[in-house]
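What follows is a pair of complexes built around chain A, which joins chain B in one and chain C in the other.
The block that comes next holds the complex of A and B.
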């Protein structure tokens, strides 16, 4: 590990998250175009690899994006891992650079609102209940029972994240809600309301990772990826050994913190994968931000003090969830935070940040630690 | 016959490795422990409800069999955690497995 090249983030581009009906190639190009327009000093001839993160069924998207963006990379391929495709792509880019196979990698993620990645067809043990709202309902019921948590306490996740999304110009939501609004929103199941859920949407996000040697030639405001943790416990929801914690998140978080030589108390700002409201407190507990059963207390304190430490861009619930772009958008947010470039969402004196991105009922998690 | 062939006829079988005797779930041709061949054990299996929720007026529950197999099934009565149930109906519809317990 010690012989690996250091890897930094030097540039990013992002689109608004919407319900637009556009071809995936067009969606994908938009954030990459935005990236290069905002960073004219980056020479596209220097890009060694182009990695595309998506669940879309279109083929050969990396060579297609490369051609549309005027890049002829050595390495070009797509990466799919449902909802954490984005951070999986960033880990792949990191690995190419750390190993010396590449010095500069473009990672571009995109999704359409009608993504096939929303349903894991293979998981037949879910019976007729393959839509994510069903595993989320079972998680919610189990978490509420185990720790005596109310629906109103979970609703505050949505209230907080919609409030924070209002400061994010790319978020799909520009509305704020009360706990009562969330409670009165359409009841999808006994344990889940419409406003408890993130929304599939159309959007893209792009990021450039480079080796330390290359960073020095381009920018002095790079953000470094200092910790990576990943864990896959299964593919099927019913193999989860706990329904009120995230075992893959625990393992990934511990690995990422260990690699970065940090403790959870060192984290100043974090993006948490709140696919559903119940996911935020469970993830906070599994990562060690709060004690078991106390995640909603932490969320209430953050909300009451207008502290944007957790999910400053509004999380998936407030920002929208274009699956292949989500992990990259989360990483962009933490990069902006560490560069003191997050406008009204800025967390004071943020030096160390964390990204938590997961797939399919937390059967797989990726955690990144980023530093100035 | 495969697990799915039996299931489509309304029979729920437990897939088991003929070499190491472990239950293989989800059903597969080969054991995920030793890659041994999987056989299907027929029976009238009893499971227990691990968790449940409700959509509209219908309850759905996570049911565990033999400490290993877990499925999501429909149940017509009000479920309770730990309640013992049996599969009353199963099949395949539009590519999805269907399970009913009571």
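The block that comes next holds the complex of A and C.
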């Protein structure tokens, strides 16, 4: 732990992921209310910081949430880094606690289905192709060619994650699909179909992080953040050195594992950023879960053996992808897994978990290692 | 310092504050370029985090700035808390360094003259009165009544700060005004005139913070952040317990002074958030620089003796107020003062400085204490 203070996760709240047309303030408050309802022992006066993760254009959301939730924090601001906002916010919360500036931090993420973070406005190199599906398609084409992967092999990512989402009561999807269903879904680009894509949605997730000293006074079921890795390689995906691996994910994964004194074989359960089906095998390879080109083989084996190790809540494809809430929802899932509190999604004997989140064609990534 | 790692400011860059209609990305890059031009010894590879402070709606600005400036940071995200964004970002940078997650952090703030942060959309209690001038007017009315202060006494804030801004080459204003000029300027509300107000503008400011260990390798003129205080009381100004004092400023000031083991009499020079003239005397009182109701007397004495102690760069009224850049520009001014590098604005023998920033009718405040 590099002599840092330990930081624990002691409480969480979440909303169902939907297509609801509600104001961002209401969406945001809902998961924080859920958190306090589930944890009546937490004193709002102990909360030193409120960090809001979102791509919404509304301003001053942290003081607004604080006022609505009855909190008067010292530190209050919003954090944005597209899809990676939630995990950036959790790392920021970690730093406030480890630095001694805060003992208890609420991180609340929320997004509406029509989030402006879903359109990539800045990268003129892509001309009119501003929707993320265009970079994902280029990844898919490159990955399939380099490792001789079929569309059906990628489709299995969606099949597996929808199956797992069926056990997640907050997921936007409760349907299961076959490989043929995915192949028959609307072809959006040459290489990707509708069911290869995560869906924009409305949702919120909140989490409370605390210092080690404070944890002991509140709970004995805390989960600890023991590894953090982050890397930004660029903003535009045309700067990526490879389109069939994720360099920022590789760097972030190595840093997080090193900090926690773990290697990838120690990870029992992981949340992987599968905004599009092709992302999951590439991320598994870049993190070292599988050899290069063998990510889809690993996914098939997990599917065949009904093993929920990767994306137990159904990933972004099955759960939905409310950008600012996603990294927090991923972290909540791993927390539940390590607390043996994941119901039908539970992975046996999960002691060490990993969260992988990223933005914009993996131009930036965050990896967290969590332990019970 | 509560056993925290020390954090130093080793470099800064700034742009003139103008009414230019430039893209936010260009505005942002300009002060970072200025920083690197002035500090060619800084190795971009050493930068672990890039934090962008802005109210602009553009997303992913930290990776965009990083790519344009040739940086590949670990941590990269934007921070928003209205006018208080810049100082929130500096405190976040401090926490990343003090926690050990980063050794060197670039904080870059930027805003355009048409920032969406200038309209307060969330507080329905104010009906159609969404521009900040409406809360400032209520403050002015309350403050003038409670302490028998005249419009002319408030006008002197503007006279003083415009005079001081004339010595600031980056200020939007280079004109001086008399009390009568302020009184004769356009009456915008019953209690405030045009020259009582800071102006929205386009501008950018960047700063680099580093760990103590790293400081020694780069410079011997670092300025140290030794005190930090922050407080959020609410989001809506109708929740303020007083309209002629600033409760969040009082709390933040007390925390910052305590952390730095200083009292207010030790402060040689200060940047105070004077979005409107009435803010300066109220903030001086809430920070303890003067007794209640005596802030304008202090301002008159400083003006009469040509003492630049308060808002040497001209404050927000004289310099302009590019929201996300303001807190960083304030911190740069105090850094220059403590380095005896403030030219005609220099306050004699300045050893300890203070930065006060706030948002939305002082519903949240940040106070920093800096030492050389």
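Please note the rule applied: the second predicted complex is superposed on the first by the 369 of 372 C-alpha atoms of A that agree within 3 Å, B and C clash if a C-alpha of one lies under 4 Å from a C-alpha of the other, contacts with A are read in each partner's own complex, and residues count from 1 in each chain.
Here, a residue touches a chain if its C-beta (ideal position, glycine included) is under 8 Å from a C-beta of that chain, and two chains touch if they have at least 3 such contacts.
Being a predicted model, the structure only gives us computed values, none of them experimental.
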Taking the superposition as given, does A:239 touch the first partner, chain B, the second, chain C, both, or neither? both
In the superposed arrangement, which partner chain does A:142 touch: chain B (first), chain C (second), both, or neither? first
Looking at A:121 after the superposition, I want to know if it touches chain B, chain C, both of them or none. Which is it: first, second, both, neither? both
Counting only touches as set out at the top, which of chain B and chain C does A:41 meet: first, second, both, neither? neither
Given the touch rule stated above, what does A:134 touch, chain B (first), chain C (second), both, or neither? first
If you stack the two complexes on chain A, which partner ends up touching A:80: first (chain B), second (chain C), both, or neither? second
Touch test for A:191: chain B only (first), chain C only (second), both, or neither? first
Per residue count on chain A, the busier partner among chain B and chain C is C
The intersection of the chain A residues contacting chain B with those contacting chain C is 121, 236, 239
Touching residues of chain A toward chain B in the complex: what are they? 121, 123-130, 134, 137-138, 140-142, 145, 188-192, 236, 238-239, 243
Touching residues on chain C, where the partner in the complex is chain A: 2-5, 25, 50, 55, 57-60, 62-64, 66-67, 72-82, 84-85, 88, 91-92, 94-101, 116-117, 120-122, 228-236, 239, 252, 255, 359-360, 363-364
Note which residues of chain B are touching chain A in the complex, please. 25-26, 50-55, 60, 62, 69-74, 81, 93, 95-99
